[in-house]
C-alpha cells in the first residue's frame, strides 16, 4: 500500500513538472530576436582569470577590472560604457532612512556628504595634474584599495568620471533605468505603486533626495568628533574604483594625519559584511538588515531592491559616472556586439549597472540576453 | 538399508584455537563412524564441541588434527554432498521458498525446467504446497526449517548435517517438526548427523546417540536406541533409555558448569 | 486504466486515515503561513495591528502568491533572473544531478563492495575516505568551478556529495552480510564468485538503496548550493540566488517549492527503482 502512495506523490510531482514544461513550450511569449548572447554571473575580481582560462568569451565589469585585462594583455575593450550610454550614472551614495531619523542623523549625513564633496574636488584636482604629488597619492590609495598595480590603476582612472552632483540628466537616466526594469519584468508597476509612487518620475523625485547634498555644501569643519560612540557604518563594494571618494575621505597620510571624515567631525567604520561583492548584496544583506548606515553602491540595485522588497536606501549623491567596459579576449575576432551571439559574457549580476548597460546595448542590436545553462 | 558402508569416518579429530584467554582445546581425539542410512545424534553440554564437529564435517571449519572422511574422501571444503540445516534457518530472505530450494541447483547450472521439477517434488514432500512463492518473512519458524531441509535435499547430498535445527522453535512446533523430519527421512533415507541439546529429542529421533564430554570434547559414550519408529515418548523403554542418557549427561553438565564458573 | 484508478482509489480508501492526517498537517501549515504573512503586513484578520516594515514582510509572501509566481515562472514571466523559463532551469539542474549521480554510482558501488569484502582494500581506502569525507562538498565549489569549468564544475560537486553516502552504505552492507548465509551458500556448493553474486550483492542491495536515497538528498543540496554560490549558468539554485539579489522574494519561495517538487520526483523514482531492483535481485 505504501508503494501506491509513493506512486501517487511521484505522479503528482511529475505532472507539475511536465505540465510546467509544456506550458513553457506552448504558451510562452518568446521574444523573436536575431540572436542570443549568454551570460554567467561572476565576481569581477575573478573575471580576468576566467577570461584567460577560456570559460567565457567576454565580460563586463567596473574599473579597475577592465584595465586589468587590457594592461595584462589578456583582453581588449570591445566597448566602453560611455559608448553604450554617455554620462550614464553609475555608483551613488545612499543613506538608510533609519539612520536619518536618528537624533543627529541628518547632520551627520550632511557632514558625510561634505567630506564626499571635498574628496571629489581633491580627486578632480589630482587627476588634472598627473605630474603632481596629489596624483601620486591618489594612485597609491587606489593601488591599495583595488589590489592592482599602478599601471592598471592609472589606465583605469582615465575612464572613470567622478562627480557628486545630481542634475536633471542624472535623474532622467535613473528614471530610464527604472522604466527598463519594469519593461523586463525585473520589477512591476504594481509593486512601485504599492509603495506609494504613482509613476516612475514620482518615484525618482521621492527616492533621489538632493536637499541633503545642497545643505552639505555649507558645512564647516568640526574640531571634535561628533559621533565617537556611534561610528557611521559604511558600506562599499570590493575594489570598486568608482567608489574612490570614500577611500580618499578616509585617508590620513595624504592629509597630514587627519582624514576628511575626521575633519568634519565624523567617525566612520566599515559596516558588517563590507566590502560587499555586489550592490545587490549590499542592499539585501546590508541595508535590509540595518547594518549599513551610508553606502556606496550602484544606482540600479538601490532602485531595484527598493521597489521589489522595500529596502530603503535614499540616494543622496552621485559617486561616479561611466567607468565600465566590455572586455573580450585578446585576438578573439570579436569586433562588435553582433559577434557576441552564442558567446558567453560574464556580468557581476542581474542587478548591477553593468548588466543593465549590457542589456541596453544588446537590445539596441535586437539581441537577446539569457543566462547560460 | 543398503549395506553397512561407513559414510562418515572420523578418527582422532582434534581442534584447538587461540583466544585472548589463551589456547582453547575444543576437541581432543574425537572419533566416530556413521554408517549409511543411520540417524546419529550428537549430544552434549554447551561448549562441548558438538557443533564444531558438525562444521568440520561440513567443511566450514578446518580441523587441527586427525582425519575426517566422507565417502572415503578427506573433507577439505564445504560442498553440496554434505547438506546442512542451521538453527537460524539461514534462508535467503530475498528469495521465495521455491527459489531458496533451487539455489544449489542454480549453482550447478541445472536448467530451469529440471529445477522446477525437483523443487516441486520437494515442496510437496516437506508439506509446503501452496507456499512456493512466499518469502521467508511470511513463514513461521517450522515452515522455514522445512524450506531449509528441502533446500539441502535438493542437491541430493550423501549426508545431511543438522545443527540444532529445532532449537529456535517452541515446544509444540518442535515436537511436530521432529515427527515431520522422521516422515521426510523415511522418504529420503539419508545419512543424518544431528546435533542437539535435548535428550528427549535425541531419544525420539536417533538410531544411536553419541554423548560427548565437556570441553575438551571427545566421545564419552555411544548409546543405541533400538526402538521402532514412530516412538512413543511415554513408553517404558523410551523412558528407560532417556534416563540412561540423562545419567551420562548430567555428570558432563556439572563439569561444564564448573569450568564456566572457575576463572582460567 | 480503469483497474489502475480502481486500485488507486482502493489505496486511498484503505489509507483514508493516514491521508487525512497528512492533508490536515499540510492545511495547518498553510494556515500558519497565511496568518504569519497577514500579521506582518497587518492584513485581515490582524487589521488592528501595526504592520512591519515592507522589507520585512516582503520576505514572507502569501503562499498563494508563491504558487502563482511558480506558475508564472513557466509561462508569462520568463524569469527576469536569467531570461529563461523555469522549465529551462529545471532541465539544467536535473541534467547536472543525473550526470553527477550516475558517475558517483558507477564509482562508489564497486569501491564499496571491494572495501567491504577485502581487508586489504579497506586498509588502502580507509585513510583517504576518512580524510575527504568530512569536507563539505560546498567547500570545493570555488576550486571546482575554476578547474572543471561551468559544465562539469557543479557536476563534480554533486558527485562528491552523492559519492560518500553510497560508498559508506554499500561498504557497510557488504561487511554486514550474515555469515550464516555465506555458510549456507557454501554448503550448497557455491564458490567465492558465486557467493559474491548470489549472496553478497542481493544482501547489499537494500543498503545501496539507502545510500542512494541519502545521496540524492545531498545531491540536491549540493547542486542548489553550488548554483547559488557559483553564479554558474542557470539551474533552480541559481534562480533562487538571483531572485534573492533582486529582492523578488515570491520568486525565491517559488524556487524553493520547485526544488521540493523535484526532490519528491527524484526520491520517489529512486524508491520505485529500489523496489524494482529488489524484485529483480530476488527473482533472479
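Per-chain numbering from 1; labels A, B and C assigned in written order.
Here is the rule we go by: a residue touches a chain if its C-beta (ideal position, glycine included) is under 8 Å from a C-beta of that chain, and two chains touch if they have at least 3 such contacts.
In this text the structure is predicted, and so the values were computed from the model without any measurement.
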{"item": "Chain closest to the middle [Cα centroid of all protein chains]", "value": "C"}
{"item": "Of all other chains, the one whose Cα centre sits farthest from chain B", "value": "A"}
{"item": "Distance from chain C to chain A - Cα centre to Cα centre, in angstrom", "value": "36"}
{"item": "Separation of mean Cα positions, chain B and chain A [Å, integer]", "value": "84"}
{"item": "Between chain C and chain B, distance of the C-alpha-averaged centres to the nearest whole Å", "value": "50"}
{"item": "Sites on chain A touched by chain C in the complex", "value": "1, 3-10, 13-14, 16-17, 20-21, 23-25, 27-30, 38, 40-43, 49-50, 53, 55, 184-187, 195, 278, 280-281, 283-284, 288, 301, 304-312, 344, 349-351, 368-373"}
{"item": "Interfacial residue positions of chain B with respect to chain C in the complex", "value": "58-60, 77-80, 82-84, 86, 88, 90-92, 94-96, 99, 103-104, 106-108, 135, 151-152, 155, 161"}
{"item": "Chain B contact footprint on chain C (complex, rising order)", "value": "178, 180-181, 183-190, 194, 198-199, 202-203, 205, 278, 281-283"}
{"item": "Complex contacts: residues of chain C adjacent to chain A", "value": "7-8, 11, 14-15, 19, 53-55, 58-59, 71, 74-78, 80-92, 146, 149-150, 231-235, 238, 242, 244-249, 261-262, 264-265, 268-269, 271-272, 275"}
